[in-house]
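Each of the two complexes below includes subunit A, the first together with subunit B, the second together with subunit C.
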Partner chain A sequence: MLLSLAYKEWIKIRWAYLVSLAIGLGIILSIFLNLRLLVEFNSLKELWNYIIFKNYLFYSQFRFIPLLIGLILGIAQFVPEIQNLRLKLALHLPIEETKTLFFMVFYGFALLTAIFLFFYLILVSISSSYFPPDITNTIFITLLPWYTAGYAVYFFASVIIIEQIWVRRISISLFAVLLISQFFHTMNHNAYIKIIIPIFLFVILLSTLIITSGYRFKRGLR
Partner chain B sequence: MENVIEIKNLTHYYGEKKVYENLNFSLKEGRIFGLLGKNGTGKTTTINILTGFLKPKSGSCTIFGEESYRLSPETKSRVGFLIEGHVQYSFMNIIQIEKFYSRFYPNWKKDIYFELMSKLKVNRNQKLSKMSCGQRSQVALGLILAQDPDLLILDDYSMGLDAGYRRLFLDYLKEYSKTEGKTIFVTSHIIQDLDGFLDDAVIMDYNGVVTQVSIQDLKQSFSGFTFKTTEKVQLFKDNIIVNFEQIRNKMTVYSFKNEEEVKTHLSELKVEFSDFAKIHLDLEDSFIGLTGKY
Partner chain C sequence: MKRFSTFSSIILIFLITIVLSIFLPRYYWISFEQNVQIPKVFFSPITKQFIIHKQIDKHVVYYDETFKRITREDFESNTPYLNYRQLVFRQEMPDTILGKPVNFQEIKENNLFFSIDPEDVYFYQINLFPLIEAKPNGPQLISPQEYFRVTDKFEIFDAQTNKINAKMSKLFDEELRKYGFNFPAKNYFGEPSTRKPYHEGYFLVDNSGDIFHINRIENKPFCKKIEVPNDYKIEHILVREFPLQEFHGIIFTKNHKIALISYDNYRIIELPIKDFDLTESKFELKGDIFYRTISVFNDNSVVSYATDRNYKLISTYTEKWVNAKKSDIGKIAEYIFPFQLSLENEKNLFIDFYIEFSNWNFIFLNSILAIAILIIRKSQKQTSQKLFNAVYVLLTGIFGFIALLVIKDEF
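Presenting the complex of A and B:
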């Protein structure tokens, strides 16, 4: 049954997913071309110094891409469910309702993880062809706040879209903006290293919020 | 026969606005049951409560003995639900949607679905969102029939359908219900279509249930009478006159009593009448007779 649910989710969001993939690859291509130009006009040593002492991030263009992808995926997955109250179809399937809702969010989370991992590996391979391991090794921890923002916006989108009470929608949206803005205060290497893991775990917990919106949807609270 | 649906003392309000109070009715296994009422009398509210998508203010609503808002997956698989407007996964095509639903239901009847689909003149790769309302209704019906549920809940199946599709929809449902012994609960705003289809009905008005009857009993016991009278006559609803309508000097009276009893009652009320005649009532006439035109 869960495989069947996965099949439905994939048919629903596959185009949005492919568009997200194209956007990400387009930005990474642009990053790569910029880097090649920089390498051509500067010595590698100069560039390394620039990265280490001036906090230059050659992939800073990628900063808001996970956020955008999380938003695209959240909208593509949950807006069709709420149009004509179509979510009733999923909640009437012979599965526990909480299981259905959790699975939908888990599926989106898994797709986000796959695409984020893919982009990370490309950035690592670009970096390792020009820079020493010390620089390449910082990519993961620098990307993590941006990826966390992508997950957060996805979870918030699922909750806000399914929520039927406008006051709650607005309150959750304000909280979402406040939380997500925290991930973009600085672009320094390893800036969030001390706090990112607890924040990441907190964001993962946001996935459970869909149950509260789903419950209110089920009880007909509008 | 077992009660498939039981509604007891159901009361619901939207804020301060009362929808109904102490609604009671039950639905027996194997019957085709209609919930009839004008717009705003609470049909959709009842369907929402019945399908577990609305918590009533008080009272109980059970399906196969389980509270409707806490149906187990096993019971849900016994209930086919058509959402108003034939809502389905419009981003899927005919093949994809069948593949999706078939894995949820152990008694899935693929043949019924594809038999209905073969009547549609559409490409199998065409998305539901690109189909006409009539075609989408056939997809929704095919999916419900293939599910092979014991109870079908159909919320305004007729919405957006032309006469041909409405007839096709009911013909399939009737055949299915009678041959398989299934129970159907249906609402529709086109009552004349349901004549000859329903076994029982609950008729709702703005103050709650007007009556719950078998259609056979309704046709036998509920009558309309016309007569000529003076334009000044004043009638009131009472235990004989269920409803009445006057256009100039022509009066129509509806009653569960026979012709003689109505005549006697009119005489007791000192109402002058002439050209007294009983009129044939179909289901829609009876509905109008019970609830009025306004």
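Presenting the complex of A and C:
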């Protein structure tokens, strides 16, 4: 049964997923070309200096991409569910409703993780051909707040879309925007190193929010 | 499903509470905070007193250490080394000061000014530093292609090829080992720029806490172990290259002492300053031909020390002010907010949970809001939820109150 559910989720989001992949790869290509140009017209040693002492992030263009991808995936996966109240069907499957909803968000979470990991590995491989490990090693923690923002926006999208009452939709959206803005405070290397792991774990907890919206949906709160 | 729904409602309430505890205080301060003007303190070689200037109501005022107002002209005449250009312009520059004939080159060379803020020190540093040649083949320092790090060995990367320069690494590694360097380096201090009169090199703290001065001179390693008093645990070493070349750097210790590493064979000169905490305060050193003025800026005070050129204390000056937290605006905030959360702090560049708890003044508002939520939610049947609401608002005050107004879920 779960396998068919997975297939249903894939049918909904496959195009959005490919578009996300294309957007991400496009930005990474642009980052790479920009890097090539910088090295060609300046010198690699100047670039090292800029990165180490001026906090230049050569991949800063990538900053809002995880956010965008999280949003695209969330919309693609959950908007079809509320058209003609299709979610009702899913909640009537012979699986526990909580399990169905959790399966849906974790499916999206897994796909997001796959695409985020893929982009991370490309960035690391580009970086390690130009820069020493000390620089490349900072990419992970520097990216993590942006990725966390991507997960957060995805979880919030699921809650907000399934929610049927507009006032509540708007108020949750407002707090979602305020929370997500906190992931973009600075562009210094590893600035979030002290708190990003607890924040990431907290954002994973947001995956449970879909249950409230699902429960309200089931009870027919419109 | 209902059980899970309760759990996720609580998460949502908690989340809104956190977001509000960041944004409500932030907008409160943006709306009401007033600028506190910090005085600038100088020591006059003429009057042998401190003179100060600061802005009051958008105007600069000048006064002496007894708070007597003086004119800007008096201020300039009493700080002739600092304001020599202005005095020359006014044709009032004396020929001799304290019996010493005026020599502009000498004045320029001896005028020192630099400061260090916690924010300059506490951030994530990638430990990879340019190995600048201290004796270049020309008048200017050249940005090198060699970058070093000191892990379990001394490693030099070539920034053109992104590969390790094995030959040069070995040369430096052997030199450091000869001097007893205990790998890896715990801290690196130095000024990696090439826009300066000369290159001092770097100070490394090794794994046993000893300080080593290293440099690259004519492509060869220079290394020297520096002897410091036993109780010195290094917090930071400030390196600034000035033409005067009086000291290699300034040591800030973990037990709040400050000392210069002098050019006199690395002799340590402890400054007559008590309890300087670099994580909290700003340090500033000004100097002229005769005197040094060292100022320590805290959140609500400045303490300035005037010394002679041997750093013997001559006089001190303290001025206090009411900082934002202790102002009326800050006191009102303590009645409204039980705590204030921020992810940023002016004392360092790390994002962290900077939480400030108010003293107990907030309990009035919290109690009123707790009663209010019971009245507003009186239709809720469950006693457990009523209890939750009341206790939650009592603890989180206005933040939790608004969160519970937004999320009306019953559980």
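Just a few scattered comments:
Going forward, the second predicted complex is superposed on the first by the 222 of 222 C-alpha atoms of A that agree within 3 Å, B and C clash if a C-alpha of one lies under 4 Å from a C-alpha of the other, contacts with A are read in each partner's own complex, and residues count from 1 in each chain.
Here is the rule we use: a residue touches a chain if its C-beta (ideal position, glycine included) is under 8 Å from a C-beta of that chain, and two chains touch if they have at least 3 such contacts.
Predicted, not measured: the structure shown is a model, and the values here were computed from it.
Subunit B and subunit C, once both complexes are superposed via subunit A, fit side by side. Look at A:192: by the touch rule set out above, it reaches subunit C but stays clear of subunit B. Applying the stated contact rule after C-alpha superposition, one finds that A:44 touches subunit C and leaves subunit B untouched. Within the superposed three-chain model, A:3 lies in touch with subunit B and out of touch with subunit C [touch as defined at top]. Here subunit B and subunit C are compared by how many residues of subunit A each touches, and C touches more. Judged by the touch definition given at the top, the superposed model places A:85 against subunit B, while subunit C stays out of reach.
Touch criterion met: A:220 reaches subunit B, while subunit C stays clear of it. In the superposed model, the angle subtended at the C-alpha centre of subunit A by the C-alpha centres of subunit B and subunit C comes to 140 degrees, rounded to the nearest 10. After the two structures are overlaid on chain A, the closest C-alpha atoms of subunit B and subunit C sit 10 Å apart. Residues 96, 218 of subunit A lie in contact with subunit B in one complex and with subunit C in the other. Every residue of subunit A that touches subunit B in the complex is listed here, in rising order: 1, 3-4, 7-8, 11-12, 80, 84-86, 88-89, 91-96, 217-220. Looking at the complex, you find that subunit B touches subunit A at residues 48, 51-55, 69, 73-74, 76-77, 79, 81, 83, 85, 87-92, 96, 99-101, 103-105.
Interface of subunit A with subunit C (complex): residues 43-46, 48-49, 51-53, 96-98, 129-132, 134-135, 138, 145, 171-172, 175, 178-179, 182, 185-186, 188-195, 205-206, 208-212, 214-216, 218.
Chain contact summary for the complex, subunit C toward subunit A: residues 1-2, 4-5, 7-9, 11-12, 15-16, 18-19, 22-23, 123-124, 126-130, 143-145, 147, 149, 157, 159-160, 162, 192-193, 343-344, 349-353, 406, 409.
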